[in-house]
Amino acid sequence: MSVVDGKEPSVKELRIIGFLCNWCSYGGADTAGVSRFSQPTDLRIIRVPCSGRVTPLFVVKALMSGADGVLVSGCHPRDCHYSEGNLYARRRLEVLKRFLPTLGIEPERFEYIWVSASEGERWQTSVTAFTERIHALGPSPAVKVNRYDARLVAGGL
Amino acid sequence: MSLVFLARENLPAWIGRLYQDMAVFAPMTINGVAAFRALGQDEIPDLSRIPASSPKAAVFPQTETLFTFTSRKHADDLSQVDIDLSYHLAEVPRVILGARPCDARGLKLMDPVFGGKVKDPYYLARRERTIIVSQACAMPDRACFCPGTGGGPYDPAGSDLLLLPVADGWLAQGLTEAGEKLLAQDLFTPAGDREPEAQSLKDKAEAYLAQAPDMRGAEQAFENLFKDEAFWDQATAGCVRCRICAYLCPACTCFNITDEESGLKGERIRTWDHCMSYMFTQEASGHNPRMQKAFRMRNRIGHKFCYYPQLHGGTVSCTGCGRCVRACPSGIDIRRIVESMKRKGA
Amino acid sequence: MSTIDLLREAIRAKLPDLDMVLAWGGDDPLRASPLFIRTESDLENLAAPHLYVSNLAVNLYSLRSKKIGLVVKGCDSRSVIQLLKEGLIARPSLYIFGLPCEGVVDAAKINREIPDAGRATGLAVRSGRVMVQTPENEHILDLDAVLADRCLRCRYPNPLIYDQLIGEAIPVGEIPDLYQDLDEFEALSLDARHDFWMETMRRCVRCYACRNACPLCVCKAHCVADSREPHWLTLETNVSQKWFFQVLHSMHLAGRCTECGECERACPMGLPILLMRRKLNREIRELFGYEAGLDLMTTPPLSTFSIEEENIAEREL
Amino acid sequence: MRIGVFVCHCGTNIAGTVDCAAVAAAAQQFPEVVLAVDTPYACSEPGQRAIIEAIEQKGLNGVVVASCTPRMHEATFRRTVERAGLNRYMFEMANIREHVSWVGRDKKLNTFKATDLVRIAVEKLRYNRPLTAKSFAVNKRVLVIGAGVAGIQAALDCADGGLETIVVERTSTVGGKMAKLDKTFPTVDCSVCVLGPKMVDLAQHRKIKLYAMSEIADLSGYVGNFEVSIRRKATYVDWNKCTGCGLCADKCPSRKAPDHFNELVGRTTAISIPFPQAIPKKASIDASSCLHFLKDRCGVCAKVCPVEAIDFEQQDEVVKESVGAVVVATGFDLLDIRRFGQYGGGRFPDVVTSLQYERMLSASGPTGGHLKCPSDGREPKSVVFISCVGSRDRSMDRAICSGFCCMYTAKQAILTKSHVPDCETHVFYMDIRAPGKGYDEFIRRAQEEYRTNYVRGRVSSVYPKNGRLAVRGADTLLGTQTEVMADLVVLAVGAGAAEGSRDLAEKLRISYDAYGFFMESHPKLKPVETNTAGVFLAGACQGPKDIPASVAMGSAAAGKVMALFSKERLESDPQVAQVNAVRCVGCLKCLRTCPFGAIQEVQARDGSTKAQVIESVCQGCGVCTVTCTDRAIELQHFTDNQLLAEVNYLCRSWMEKSPA
Amino acid sequence: MSSLPNPYLPSLARILEVVVETPDIKSFRVELCDEAARESFTFEPGQVAQLSVFGTGEATFVINSPPTRREYLQFSVMRVGEVTGRLHMLQAGDKLGLRGPLGNHFPYQDMRGKDVVFVAGGIGMAPLRTLLLFMLDNRGDYGRIRVVYGARGPANLCYRQEMEAMRDAGQIELILTVDQKSPDWAGQVGLVPNLLMELAPPADNCVAVTCGPPIMIRYTLAALEKLGFADENVVTTLERRMKCGVGLCGRCNVGGTLICVDGPVFTRAQLKALPDEF
């Protein structure tokens, strides 16, 4: 796992993917960094221009392909760099969140929040809380699909 | 060859034994729909219904890996890469159990495609290891038309073993050595005087299908109608361009090849494809010789009833299994198309 | 006159003004097929109304350059409204025959009930019973047992948009529990739901009949499911690809699906895929008070927003 | 592709908690990576040169730099790769400083994370395509919103630089808060005397067009080509005719109109000119106080006006202007004094705001510069100043320091003594903040020369006692409670965002902070820019500022505008949406959801409807991409395939780790 | 692995050189990595091969170097789709997969002793180049060789220097043309079929070989008909979306004829026997 010395790190990570808008939340995460607000390391941030660019399908794709948690973060409502992108995102992501249980995926594995570029502390709190939440849920059920497919391939010969 | 009897209650035990030595492909019914699949341990197939799908996936899977590729970088110059290609051919023997005579015939139609001038090693590896246990059709339905394509509900062609239904089981008829081998079991008992019963069911089934239209000999009519766009438009009007007809067809063989990669590894995969899809002939330049669905239907009909027969001594690439007719969401009936083609193009 | 005669005469009268009229016909006793009426003689092939199972609106987008007459049931009319609302078809090139509908029979259910249904030679509906004739038997079934699912929860037996109503409007009966099936499904554990879809999607043959039978799926040839740019899906037919396709299809229909059920009817494997679409519809109803295909004016909820969302709580971590 | 990866140590900023060499070693095995090295400072001159040399020597056609946030150096490195002949969009950054080394404590986990971030940058880069900017003409006119001292300075500098300048001011006169001040610190010279000439310059400059009593109704377009709608509010006086003679105000019988210029200290006439030096010096009618509007009678002003300028029928009017840049200088407002009931705010007439006190001190104010208690007009003998009212107060969610209060409080204490030499002055303060030229000395003068009693502590309450006001509070230096009797209490009320600034921000598509102040693009390096190209900030709208800082920022904004306008044409960001006409079904949902009106309907050759992106209008948010089920419209540089490449890697690599 | 040859398995090839021909066409000069395979690789002019970019896929290209020149195999690739886009990012030293030779070839034996006129547009010159060079290498076997070649603009002409050198050496007669006038072009302006009509090569003992965009081919075939060229003396190549390249996958058929194995080279006489589905 570790690329440093081949030994397992002291903490067991889970895979959490974050989609952060360039203008607010990515900047908020930067601010947290500049302020040295320490955070769990599980999250991998993908930069997008706007939360409105995050199609819910990215989230489902990630959750169905093995991500244990997905966090989308954008500008606060009314404060979108593109004025409306996060407002579209809010509707789409809320519908998605309510849809997940039907797929057998815990809705808690996905969250969407608003963090501005100045809210380094809020970012730290959010990442920490979300990471703890995902660790409480444990690994994603997507593992099962992977195994199932592997078995079917073997069965299909 | 001689007939032996398999009681219905002995079917699970027989399958259990087959399962020891080989993969068993057989129809499972879920939610009222029977479809072939590789059985899991202790799974009992349903042979009572006409399966919605054909068993062709046993020899021509819907997805298969043609080969994998792996890149290795040179340590001293990362831009120098060695690429390893490797592929794997099927080794596990398999039995298709509960195929219908039309299905067995379907495999016979695929053989010359994959085993002609160019040999497809993936198909042939599976095909060589496949035993076909067919069940004759005592109860064909209104979508069936196998006699019109040169087959019949009790046609033994292509099967290794044919099960003739009787009230409480089957009379099994070994047709090949491989088929015979499967009968060497204490589960089978002598057929005794059950043959007339089977024969009477056969007569009834054949009588039921007596009116099936003849789908053969349409080559000239097709060529005559090739340019009649109105004809093809009407024939295709209701088509929603889904893939049911080709994917359920026991004779369709068209496929696609795509690459998928992840990091320094990847694979080239082969998947079923479908001639009613717009993308089937879409060229990168934007040109598409079969832009309209009517042209694609024309090619589909042409392939089955003109081009294939022209190459294979008049045999049509259709077994009359009726699956496309049963499942088409728009009720398109290939019999009607060929009938009216033969009428109009005569 | 019977409904079928009224319909035949109505179409006959309008046919000269139209390129073609879409209705139902064919000789399958269990279900009618789309009938493309171009000449009066085609009218002879009209089928009986309880077999009008398919939704003819699926053809409208590809025929949008033509002047089309279309027969719609209440449920079908919602698809027409949705297509109009999305600007995918134009009202002036459409003439709508509205057909009040008492429900259609579901051939798949009859097939499940009767082993020899495939050999049926005739079907008749009389006073809550369905008679199916086969060469060997005559089967009698309860109509409710073989009505299409969507008919059992039908709230719109009368078309919501039409130029001409065929016969009398049907009084709307008691509105049944809309989402009983979904409630039952959601009573299962998350694990059980997950496993349910794995088993269900294993049986999918990825034939795209669900997509192509959907009146609102107009991308078709250019569907992202088949493309490499973007490359959302590989062509592999494993569960993860097939399942993701169903999710993708459902989500592209969120706020648009009218629950006409054609996806499920078209599925050759009988997979209960409408369930996902219905779940999204229920959530959209609860969040935005919106149902697709009821009117021409409202904006679909995912194409708009409110600065203050009444039913969405602000999320905090 | 041939990708080069450069992993930056950033001194010990990254290397301290990330094993950079290990990250580079891992990156060597990433697909299409032909070079992966670590480097002490990628952004330094030798660091950049190494990148250029690698591009040339290794034939790289894509570069990944793993270092700080792209918000810091993406532009730097894009220029670097461009110098080596690569398209600047064939570059990606992995943020392993702000997002890794500065926030994670475990070196192994950090290294693992940094490696992943480098990998997803590589995966995305493999789908990047060269993008080329399109250029468009710049409309070299500038809009300045707000004509306080910052706006005036910005407008004058722009106009002096030769730019046509539109100034929009909400009130009937320019000058803003500075025009209301009596004197300025630390020089104690007359505020309006300093500002007045600039106001006149503004009015007379031939490059400046002034819209007073006007507001921004709407702003559309983009940098270089904005369209602005300006609502000119009805004044009921034709300003083309009005000479500012003031006769109407003299004769107006309605003398109880609220006097906004004087911060509601005293009353004015329904038709009025706010103050003698007002620019433009034009009368306007306050319809809420005018008898003509209230009771449909009077009309005295119309009768007396020598030039027949009164027009009761006048309506609001919207005018349009085209500009290429916008300077926002809308200033601040003091918080509502009524929020401070514990200090008697809004309860006792003798508790006033600092700005009201300025008017009371001013010779042009309602009392003619005579200090009087508002309750009964007596001359105060004791004035108590309370600092930090609504500032640095977490209980009110206002942690912010308003910055200038310490200084003006000292100034007001000094001025109090010069008005009423025998008046006691007391200041309750928390800390003294006086870091400016001559500022601390000024405070000393107030304390020592003018014998102001500075009490370090919070006031707990102000209440009436024996006809005066008792001010109770802590004296933290003595550690006692103290009570001071006052005739007048002056609250140094905190500065908040100007009224309506949130609405304005939404119109301008700029951000604002928790207090409503507009957000600069970068707190250190881009204090004048906003995140909307072509919109700049000046003065206290960005945060409380004193006069010299506001003036400096006004000039800075003008400098930014002139730098922007020094080019004939601007390049549009090519990270815009693009329609694939073959896929487009013409539903135009994208057109309906685009926040910028950047999508238009076009007819294809076969007559079918298609969407088309107006590239110079598109801002690149990607809402359209998500709206389109068909992905017939894709945001360049953030395409589905680019983002999927990142998602897929993160998921696949994770699944491969999990036991099958 | 089985003893059967695997028709899907490409050989590995190495790019020796990439030549930028036009803004959207690059020529790749490749050799097979395996020395024995390189030595035994033979093909006829006009045959195609499938090039693989592993991870992206395969596409079909004509081998446009002649079999008479063995130092490398050349493929000219116009950037139009996913595979060609990836190919364009490759550089010398990179590896790709090569499956071939596939398909039929130009009937060069039947052309011996005859005059030949090449008529090409855009990337259509690529398949003709192999035959042209082959003929130059066997110059004595053929009569007059004329080339009419057009593209959108001067920058879009492939192999321009190479062909101008052949002209200057007196080996061929060359007419280059562009669709629209431009300041950097002093040569002919006009559409290829029109120039062909002006040139009016005598049909007597002459074979015409043409390739280009579908619309150009259609007008060129009509022009050749007018000029009196017999059907069997007009040769063209057809293109189809292909996957397997060996006649199995089912998409490249025109009627019962498979372009991948029976083509890509057809005479007009052969085309006329095919159903009209191009």
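In order of appearance the chains are A, B, C, D and E, and numbering begins at 1 in each one.
Heads up, the rule we're going with is that a contact is a pair of C-beta atoms (placed from the backbone, for glycine too) under 8 Å apart; a residue touches a chain by one contact, two chains touch by 3 or more.
None of the values given here were measured: they were computed from a predicted structure.
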item: Pair joined by more contacting C-beta pairs (B-E or A-D); value: A-D
item: Chain with minimal offset from the mean of all protein Cα atoms; value: A
item: Longest centre-to-centre distance from subunit E, chain (CA-based); value: D
item: Intercentroid distance (Cα basis), subunit B paired with subunit A, Å; value: 45
item: Computed distance of Cα centres, subunit D from subunit B, in Å; value: 70
item: Length of the line joining the C-alpha centres of subunit A and subunit C, rounded to whole Å; value: 36
item: Length of the line joining the C-alpha centres of subunit A and subunit E, rounded to whole Å; value: 51
item: Interface hub residues of subunit A, defined as touching at least two other chains; value: 61, 65, 78, 84, 88, 92, 142, 146
item: Per-residue multi-chain contacts in subunit B, two or more chains; value: 71, 79, 256, 258, 260-261
item: For subunit E, residues that touch 2 or more chains besides their own; value: 82
item: Residues of subunit E that touch subunit B when the two form their complex; value: 1-2, 4-10, 12, 52-59, 80-84, 93-95, 97, 214, 239-241, 243-244, 246-256, 261, 275-278
item: Parts of subunit C lying in touch with subunit A, wherever the complex brings them together; value: 182, 185-186, 190-198, 202, 232, 238-240, 243-244, 247-248, 250-251, 254-255, 275-276, 279-280, 283-284, 287-288, 301-302, 305-307, 309, 312, 314-317
item: Subunit C - residues contacting subunit D, complex; value: 61, 86-88, 218-219, 222-224, 227, 229-232, 252, 299, 303-304
item: Residue ranges of subunit B touching subunit E (in the complex, touch as defined); value: 66-67, 69, 71, 79-83, 85, 87-89, 113-114, 116-121, 124-125, 223, 226-227, 253-261, 266, 268, 270, 273, 275, 280-285, 287, 289-290, 295, 299, 302-303, 306-307, 310-311
item: In the complex, subunit C residues that touch subunit B; value: 26, 28, 31-34, 36, 38, 54, 58-59, 108-109, 111-112, 115-116, 118-121, 135, 202-203, 205-209, 211-213, 220-221, 226, 228, 234-238, 262, 265-266, 268-272
